[in-house]
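Same chain, two partners: subunit A is paired with subunit B first, then with subunit C.
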Partner chain A sequence: MNPKQADKLATGVLYTVAGIIIVILASLLGFILFQGLPHVSWHFLTSPASTFEAGGGIGIQLFNSFYLLLLAMVISVPIAIGAGIYLAEYAKKNWITDLIRTSIEILSSLPSVVVGLFGFLVFVLQFKMGFSILSGALALTVFNLPLLTRNVEDSLRQIHFTQREAGLALGLSRWETVVHVVIPEALPGIITGMILGAGRVFGEAAALIYTAGQSAPALDFTNWNPLNIASPLNIFRPAETLAVHIWKINSEGIQPDAAAVSAGASAVLILAVLLFNLVARYAGNRLYKKMTAS
Partner chain B sequence: MDNYSLDDIFIRDFDRKTQEIAVETEDLRVFYGDNEAIHGVSLPFERYKITSLIGASGSGKSTFLRSINRMNDNIDGTRVTGKIMYRDVDINSDNVDIYEMRKHIGMVFQRPNPFAKSIYDNITFAPKRFGEHDKQKLDEMVETSLKQAALWDQVKDDLHQSGLSLSGGQAQRLCIARAIAMQPDILLLDEPASALDPISTSTVEETLMTLKDQYTIIIVTHNMQQAARISDYTAFFYSGKALEYDETRKIFTRPKIKATEDYVSGHFG
Partner chain C sequence: MDPIREAMLKRSRSAKLERRGRLISLFCIGLIVVIVAGIFYFVASKGLATFFSDGVNLWDFLTHSVWSPGVKDAHGSPQVGALPMIVGSFGVTFLSAIIATPFAVGAAVFMTEISPKVGRKILQPVIELLVGIPSVVYGFIGLSVVVPFIRSIFGGTGFGILAGTFVLFVMILPTVTSMAVDALRAVPSHYRSASLALGATRWQTTWRVVLRAATPGILTGIVFGMARAFGEALAVQMVIGNAALLPNNLVSPASTLTSVLTSGIGNTVMGSLENNALWSLALLLLLMSLFFNIMIRWIGKKGELK
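Moving on, here comes the complex of A and B:
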């Protein structure tokens, strides 16, 4: 076989492998959407779930998913940015830094069900937060923080050190250089990582089953007092999310239309995650253009 | 390459009554960990002149240059001892505000490194951080520094395009403009033309020649023709020491040290 033929063969094999991946992804997406979308209606998206009879919706679960996501991001993003800046810009190369990095890597490879059980033992039982949005958000933080931190650190590291030297040589302090030179340039990467992380969190079930709970008490969407148990804003109420709902229906659902509800919820979930990915891409590109050619 | 003596040294004297010294190092030593990279270099640099630092790769000329505005401070495990006298102050001491000092001693690097900001913001960014918000003054600053860096005519119609969209030579001149917008006393240039094509190089050289009316320039270069063309004084570095320091003309025609002679005539090593 001459080099040209070998090249052709290799190209062919690579195309086939790539093709298989695309076919799997497309058929999975197609199947879920095909099965689920017919059940998705405005009523389905807004009405509460029903336990025994048909016709229940996913309104509360959908709201819970977004609210939990928001809280988890509010907690984890500032910590991740701080930790990422520390690791990329300030940490010296020594054993403490290595230890932190190794810990982050181990944390990020923990199975989410383990994170969930940890959250159950620590937040739910030890700190007596019960099954609540707060417990769930904290568990999701544990689950999400390592990856976000890693993403912030990597994004900052991708900015060439000559950019930092440029800032320092002009008499700017290290902090000013980081804040005004490095972060703006790294922002597109950071944002993309955040949104992808959000997608992961949005679809997470195992970490939430034992922390945010598996029940979705009825909410009164006219009550915005965060201390009232019926208020959607209350962070101490149990809150079953969309992903947990799907898991629950499939494992113990007794509604006559359980399969349909599950399919519809899955379609909604996948669409939301897809949306996150597209938004991440779009926002990343837009920001990059804005930051570099403003 | 190892057979040149490090004790065979010629450093020219300056007549301090008529020749103003802008900055001077005294027994400057740089350590990377335990390893001494610069072995006690004492060089005075005359004001409003261009001084070239030449020498083979690894001879320590860039390390020496980066010590002058203490850019080596940012590298873990690096230690610089000795004095750097600037306006009667030893700027290599701990109680010196290095950020303030760097406003007076600017630097241009080997790789053009404009910020990912517009040309206008590249130049005004640091002055704004230091409190200059007068739009008219900033505009003037942009125009003056771009003119001094010989870039104005090429970019004046679109100052809001990204600094990253410029060609290598233009980007390097933007970096020079950015450095001189701070109106430093001294401009350190670390092989500013090594990444540029010959035409851009000669533009940068012309720029430097016009700048020396207002700035003291110290430039590291690999290019001996460049040193010969633009500089008034030249220091030859070898193995972490300055072996010979003299008027450029003398270095290139009648060097006093064997190592210098071999290096400038291309018989080095």
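Moving on, here comes the complex of A and C:
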């Protein structure tokens, strides 16, 4: 076989490989959406799940997912920004910084089930929070922090050093330069990373089954007193999320329509992730245009 | 004291702010380090208790294949042989990586060398989306498509290492592909020009020059995929069958470290041997993820020298 023929053959093979992958991926997405979307209705999205009969919805799980996401972001974003500022602006090149970087890398590569077990041991048992939204949010924070921190650091590092010098030359302290000059310019990147991180957190289940729990007690959506156990705002109630719900009904569920419910819930989950992706792109571009001169 | 002298000697508002800001950021980074140390401390202290306070032999733990922590064997020591789970975890990890690698590298070459336009416009966004799909969704698809399919071909229950491999293959494919694409894009274009100018065909250039130059990056991607596959819990747990037995073949029910952990930890009493044995599995998982991490660094360093 001469090189020309080999080239043709290889090109053909690569086209086939790319074709196969596109087919796999397309059928994956198509399967979820075509199987799931027919089950998605207003009733499905708002009614509580049923344990024994068909016709249950995912209302409480959906609310729990968003509430948990919100709490986890509220806790993790400030920490990640602080840590990212330290790494990008203050860290010197020495072994301590190396150690910090290594530990962040390790944390980001930990299996999420290990994070979940750590949360179970520390938040649920040691701090006696029980299976609660708070435990879940803290576990998700641990899960989310390394990626967010790296994202903040990368975004800050992309800002040109002349911007910092300009700030310092105006007599601002380093901290003031960071807060008033560098962060506003890095904000679009930071926000894009946060939304993508939110998508990741939204679908996470392994870190939650032993922290936020696997049960979704009935909620009273007219009760907004955060201290009442039936209130949706209560952070000490167990809260099964959408992703956990899919796992739960598939591995131990006894509903007759488990397949239908999980197909619908999967479709909702995928659409949410898709939405996070689109919003991240759009918001990033939009903010960048708005906040910078370009 | 005159006000000027006072202003000169006192810390300015700015300096105070700077100090406070620095402390806040230091506190945040310190918190992360403490969390990492905490994870290691707690998991290790629980996981090592099996060997130190319950007197299980480490070698027996790694090589025996009977997992029933509640039962004692003839010598009066508890039967905690983690071999079935270790075999299961490594089995699905390696098999899925072996299947995913040619596909991922092929797709990456297609996207960078053959048809960059289609690659950027169609494949890239789809792959980015797939990286973000939650693992339970993969598990659900495995359960409703892959398992029945295997059942209809090979008989049996359909649960097993093969089903786990398929699910993980699809799961790590986007991860490995996007990292391979990054590695190929990082190869300077004058490498390609030089090779083409020598009269090499596109395939010769790709095979002998571009792929060679991108090897460290591609390897990193594969190890990343393996680390993800090894640590994946729920998707695998849903399709592997969860029988803590040494698998006879690829289609008999098996288990992985993660699947035993997810299904077992809630059903055991804290501090009991059954529970400690599970924590030992978690420790093993932690050490393996550390190992993958070291490997990625090592590949990175090796790649740098060239």
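Some notes on this structure:
Note that the second predicted complex is superposed on the first by the 268 of 294 C-alpha atoms of A that agree within 3 Å, B and C clash if a C-alpha of one lies under 4 Å from a C-alpha of the other, contacts with A are read in each partner's own complex, and residues count from 1 in each chain.
The criterion applied here is as follows: a residue touches a chain if its C-beta (ideal position, glycine included) is under 8 Å from a C-beta of that chain, and two chains touch if they have at least 3 such contacts.
Just so it is clear, the structure is predicted and the values come from calculations on it, not from any experiment.
Within the superposed three-chain model, A:L275 lies out of touch with both subunit B and subunit C [touch as defined at top].
Legend: residue contacts after superposition of the two complexes on their common chain; A:L168 is shown touching subunit B, with no touch to subunit C. Once the two complexes are laid over each other on the shared chain, residue contacts for A:M291 go to subunit B alone; subunit C is not touched. In the superposition on chain A, A:H160 makes contact with subunit B only, not with subunit C. Applying the stated contact rule after C-alpha superposition, one finds that A:V74 touches neither subunit B nor subunit C. In the superposed model, A:V23 lies in contact with neither subunit B nor subunit C.
Of the two partner chains placed by superposition, only subunit C is touched by A:I106; subunit B is not. When the two complexes are overlaid on their common chain A, residue A:F31 makes contact with subunit C while staying clear of subunit B. Subunit A is touched at more residues by one of its partners, and among subunit B and subunit C that partner is C.
When both complexes are overlaid on chain A, the residue A:E185 reaches subunit B alone and has no touch with subunit C.
Taken together, the two complexes place residues 171-174, 176 of subunit A in contact with subunit B and also with subunit C. Those residues of subunit B that touch subunit A in the shared complex are 69, 71, 74, 76, 99-103, 106-107, 109, 111, 113-118, 121, 125-126, 129-130, 160-162, 164-165, 175, 178-179, 182. The touching residues of subunit C, counted against subunit A in their complex, run 14-15, 17-18, 20-22, 24-29, 31-33, 35-39, 42-43, 46, 102-103, 106-107, 109-111, 114-115, 118, 122-123, 126-130, 132-137, 139-141, 143-145, 170, 173-174, 177, 200-204, 206-207, 227, 230-234, 237-238, 258, 261-263, 265-266, 270, 279, 282, 285-286, 289-290, 292-293.
The part of subunit A that touches subunit B in the complex is made up of residues 92-93, 160, 162-174, 176, 180-181, 184-185, 291-294.
Interface residues of subunit A facing subunit C in the complex, by the touch rule stated above, are 3-4, 6-7, 10-11, 13-15, 17-18, 20-22, 24-26, 28-29, 31-32, 35, 78-83, 85-87, 89-90, 99-100, 103-107, 109-115, 117-118, 120-122, 125, 142, 145-146, 149, 171-176, 178-179, 196, 199-200, 202-206, 209-210, 243-244, 246-247, 250-251, 259, 262-263, 266, 269-270, 273-274, 276-277.
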